[in-house]
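Lettered A, B, C and D in written order, each chain numbered from 1.
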Amino acid sequence: MIDVTLVDAGRLAVQQEMRRDPRVWVLGEDVARGGLWGQYRGFLEEFGAERIVSTPISESTIMGAGLGAALVGTRPIIEMRIFDFVMCAMDELVNQIAKIRYMFGGQARPAVVVRMPHGMWRNSAAQHSQMLESWFVHLPGVIVVAPSCAADEAGLMVSAIRSDDPVLFFDPKDLWLAADRMPAGEIQPIPFGKARRLHEGGDLTIVTWSAIVPKVMEAVTLLAAQGVHADVLDLRTLWPWDEAAVLASVKKTKRLLVVHEAVEVGGFGGEIVARVIDQLGTAHVKVARRLGAPRLPIPFSPPLENQIRVTTEKIVAAAMKAARE
Amino acid sequence: MPKKKSSEKAGSGHNLARLTELYNTMTRIRAFEETALTAHKAGEIPGPLHVSIGQEGVAAGVCINLTREDRITSNHRGHGHALAKGAEASRMFLELFGRAGGYCGGKGGSMHIADFSVGMLGANGVVTGGIPIAVGAAQGLKMLKSKAVVVCFFGDGAINRGPFLEGLNWAALYNLPVLFVCEDNGVAAFTATASVTAGPGVMARAASLGVSGVSVDGNDVVAVDAAAAHLLAEVRGGVGPRLLHAKTYRWTGHTSTDAAAWRDPVEVSAAKAGCPIARLKSLLIERGAANVEAIAQAAAGEMTACRSAAHAAPWPDPATAFDDVQDVGAVRHV
Amino acid sequence: MIDVTLVDAGRLAVQQEMRRDPRVWVLGEDVARGGLWGQYRGFLEEFGAERIVSTPISESTIMGAGLGAALVGTRPIIEMRIFDFVMCAMDELVNQIAKIRYMFGGQARPAVVVRMPHGMWRNSAAQHSQMLESWFVHLPGVIVVAPSCAADEAGLMVSAIRSDDPVLFFDPKDLWLAADRMPAGEIQPIPFGKARRLHEGGDLTIVTWSAIVPKVMEAVTLLAAQGVHADVLDLRTLWPWDEAAVLASVKKTKRLLVVHEAVEVGGFGGEIVARVIDQLGTAHVKVARRLGAPRLPIPFSPPLENQIRVTTEKIVAAAMKAARE
Amino acid sequence: MPKKKSSEKAGSGHNLARLTELYNTMTRIRAFEETALTAHKAGEIPGPLHVSIGQEGVAAGVCINLTREDRITSNHRGHGHALAKGAEASRMFLELFGRAGGYCGGKGGSMHIADFSVGMLGANGVVTGGIPIAVGAAQGLKMLKSKAVVVCFFGDGAINRGPFLEGLNWAALYNLPVLFVCEDNGVAAFTATASVTAGPGVMARAASLGVSGVSVDGNDVVAVDAAAAHLLAEVRGGVGPRLLHAKTYRWTGHTSTDAAAWRDPVEVSAAKAGCPIARLKSLLIERGAANVEAIAQAAAGEMTACRSAAHAAPWPDPATAFDDVQDVGAVRHV
């Protein structure tokens, strides 16, 4: 095992794949300088300015040029700096990348990775903190990845780069620089659609992903101390998602709580609840519930942000209620 | 500064074979679209259909200068571009009709025809949609050390969307092998482009982004050919992107269901009188070509046959609706 | 009652409000010519080029300029031609319009109506047929309206124009030109968040909205013939939505089927199912299920489009199953 | 064609009161940002902070020509614009600190300061975010028959995003009362703008979109004032939009946590040697102003007091997190 941050883990994965495959390259703002978090540190020296391309502030074209470059056989990693700026490139993502293979009857293979650090990043306010990952689950044509730890960041990144499908890769901003560990040596790809079990328990199932995961685990420890034992699944990828693992767990616990950082209304939690109810039937499920943020933009000030954030305490309370009800 | 290419000079330098090839391409485009229009009116073609009747000189004059390895991107009015780049009319018709064997298996229709095997990277339903794709394709080709270049076709309406600025700046910055072709027919959908476009126009906009170019009479295919040859030679030489501004005219409405009652009939008659195909035909006859009529007839015959074949062709298997979304995470049933 | 299409109904509503309030105006491509469907026919003559502004193909600026004009006290109707092109203006919609009041602590009032005809429009293929209304339910700061008949088109449009909140108004493309009737005389505003009951029945609750509604009603007639009586609610507005009416109905029927034209995965149906389960508890609900499109881009060819469309037969089958299970 | 304004001439035409007012504004901006930087380093200010130290001449020189009814839009580096337009330093500090009474009630922070009561329509966290808003505001004002004009501040990095093209074309097309101000500090975040920008630059881009303007030394506040006065007179006269291109320099890194080790120290020293505030100070002393030191001291004192007051101020009531989302469909609890 080696000590790394998630930034390091991502960097090692991209580096490994760029060494392996000369068609892989990166484009985005300030990337030649190493990227905003150092996620491409040293790449200019190793790979040269043709494979680590610092671009103008032209989000539409960063996204669209990545697609064009994929159509002729290269494998671009499209770095969007932070997710909120993807709003400047939605036509290229939604109308072009996601649909081009289908519209053209299979002729196009948009093998791009779109990298979009998302979520809160303390006190960055409404335009730099959004999580809208559920939107893309609803968008046919794309894979949606949202890791929460270094090993997943690395292994899923390797899979994303090797994928012939377009992969939307959501780096968890708030965990980006947290200390973590991952296996040493060559990074193995992690298949899409397989959840990671973080804790075993029979009292309720908690399904979660991305930056909120450490808080869920804090809550799980507190719950265990009170005699409530949760089965915890980190989905890791939201499309495809590991429905089988979730159903198996809820069959056992009969109680489901989905926890996500994003706004609860219209979030991906609703999809999970609806599928579980549909597949297991209401007679076999006692509780199915979500915990997410209230439907508000993200405020700047710490006490306001804290007020609307999904906290460990809120997770404990929701889990307690779900387990005992 | 824009240079004006004179058709006379260039034309006289052209050999008969090349003129004949241009004529063949243009009559095929015309016949394709007239046949498609008729079929659409007869209810054989579903969905919207945007034809480029009157603009054939641009597609033909540019694409005659391309190899199969070169790529093009197109817009919503792309039949001519596809045919000129070498796509098969028969498979295009099948696609227009939504039948099996069409270029997109019936998933795309008129607005999304693509033939990657001849370097046609697709029409596009979004105005300027092809611009970022074209510059990215050029960047990828350069990275792969390919000698191929990219031609990016768009209309005069597209120069008011942001990606125009971003894409030209990008191509100039990275010195990419792209020829931008602005097919300026004076209208954007139902609006005169001049009424929504400030400043001196596309040439000045491109120059301000580091892309120089040539303005040409797009209805003079010989001039288009000469200008495109010149610009593409520069682009292949590695000087970076160039712009071809081709002034032309669209005879018809925005879509096949738009009778274009809003167009000035005097303007339309004048345009028809200056028909680019008729102009080339005169030149060919003047130069002693014998087979002009036969070419036009062959084109008409080809397209009529394509139409009948498409009409008779089987529909796609409904189950194919589930194919080609994505490899991982594909759904297989409702 | 007068005979109108939905286009007429919308036109009459906008006209009435433009006559009432000189601050109301329209901007978008080709609007001075009457709009793509004639929804602004005659406006140039009546209101002049300053209040019916045909714009360049500049979606970002159509959206953003509408916002700017609202900030100084005018009340713009932002016409986006078809919803898919909104992807070219998402920064202005998502990062600016939806957040500006909150970010500025209440100083800004983005009183705009964003008009976005959405959904299928036979054989228009992937880039001209999308329905992503559920995205905006997940987006704090906006109201989401999706009428299905002339009277609602008119009454909700009047409310939208009078609203100080930004209203995303989804005209149903596939019904746009259908014949319908509405009350004569002054158009009264219809409040947001009130569902319309289209049919009474005790066997199951069908919740639906937008262009699919007439198909649902066809299905309801067929179901009634087979002895299955549905309670049908047309939500009309998705945010706020009439949770009380849905809960009351499901309390009675114990069976819920949400029917929407959009892709089922990640659609708004999941939210409704999740809320109903959360509020009523699994013990009081026998079935809660959704019927939407499979997760595919929209294909062009009629048999392919038909294959993935939500049809009357599919609605009957799903309702039958939900009622009998 | 860009006209160069010479500071000497303009300066001599300025009366002492106006120069003093400019000096007061500039020293207040400088003191505000230096104090904020210190507070940020001390951990008193959460979130990112973008300061404009070295660029004060642009905000001051432009805004001295505005009335309260005129509007401005700004970008992520907007403290100077807000102060110059008349926003209160105390409420800005409260906002930076995230406290009750701040301009946005603590919801915005540095990147989203707005004061609608003085026509400051807001900073923006998205590059070019203010451009469409500015042109729309101008369009609305024109419709309402207001005499007010709009000034739109943006950086040199913004000219590579699409909304730049769209917004300038739009303003020219509808003949809107907008002054675009490009604050050209040579960098965009951490990248030299010249390295990502093709063509001859912002003046040529604007001209190609029908917007003419003036290029000026942005560190010479007297020249900025004169140029802005001239352009705003034109804009108020109804000729449509104009551009002011102000060449300046940012002394610091991109955000307060960027030590800017990547900057050329020689370049930074040269910029500091040419400090716009020091230049104006010399001029004032030359012209016999007596109170120069006092003004700077007062500014420093004011900002120190604002900082202390902000530090001591109460946090917003957490329940206010639920306010001001929307009237209908608002949520009230978690």
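Note that in this section contacts are C-beta pairs under 8 Å (C-beta built on N, C-alpha and C of every residue); 3 or more make two chains touch, one makes a residue touch a chain.
Bear in mind that the values here come from a model prediction, so they are computed numbers and not experimental data.
Seen from the Cα centre of subunit C, the chain whose own Cα centre is farthest off is D. Across A-B and A-D, it is A-B that has more C-beta pairs touching. The distance from the centre of subunit C to the centre of subunit D, each centre being the mean of the chain's C-alpha atoms, comes to 40 Å.
Taking each chain's centre as the average of its CA atoms, subunit A and subunit D sit 36 Å apart.
A separation of 30 Å divides the Cα centre of subunit A from that of subunit C. Shown for subunit A are the residues that touch two or more other chains, namely 55-56, 58, 60, 84-85, 87-88, 91, 95, 102-103, 125-127, 140-141, 239, 265, 295-297, 299. Taken residue by residue, subunit D touches two or more other chains at 102, 104, 106-108, 112, 124-126, 160-163, 166, 169-170, 173, 196-197, 325, whereas all remaining positions touch fewer.
Looking at the complex, you find that subunit D touches subunit C at residues 71, 73, 102-108, 112, 114-116, 121-122, 124-126, 129, 131-141, 143-144, 146, 162-163, 166-167, 169-170, 173-174, 323-329.
Those residues of subunit B that touch subunit D in the shared complex are 160-166, 168-169, 172-173, 196-200, 204-205, 207-211. Of all the residues in subunit A, the ones that touch subunit B in their complex are 23, 25, 50-51, 53, 55-56, 58, 60-61, 63-74, 76, 91-92, 95-96, 100-108, 140-143, 163-166, 192-193, 239-240. Listed in rising order, the residues of subunit B touching subunit C in the complex are 46-48, 98-99, 102, 104, 106-109, 111-112, 124-127, 157-158, 160-162, 188-191, 195-197, 262, 315-316, 318-322, 325, 331, 333-334. The touching residues of subunit C, when paired with subunit B in their complex, are 29-30, 33, 54-60, 84-85, 87-88, 122-128, 265, 293-297, 299-308, 314.
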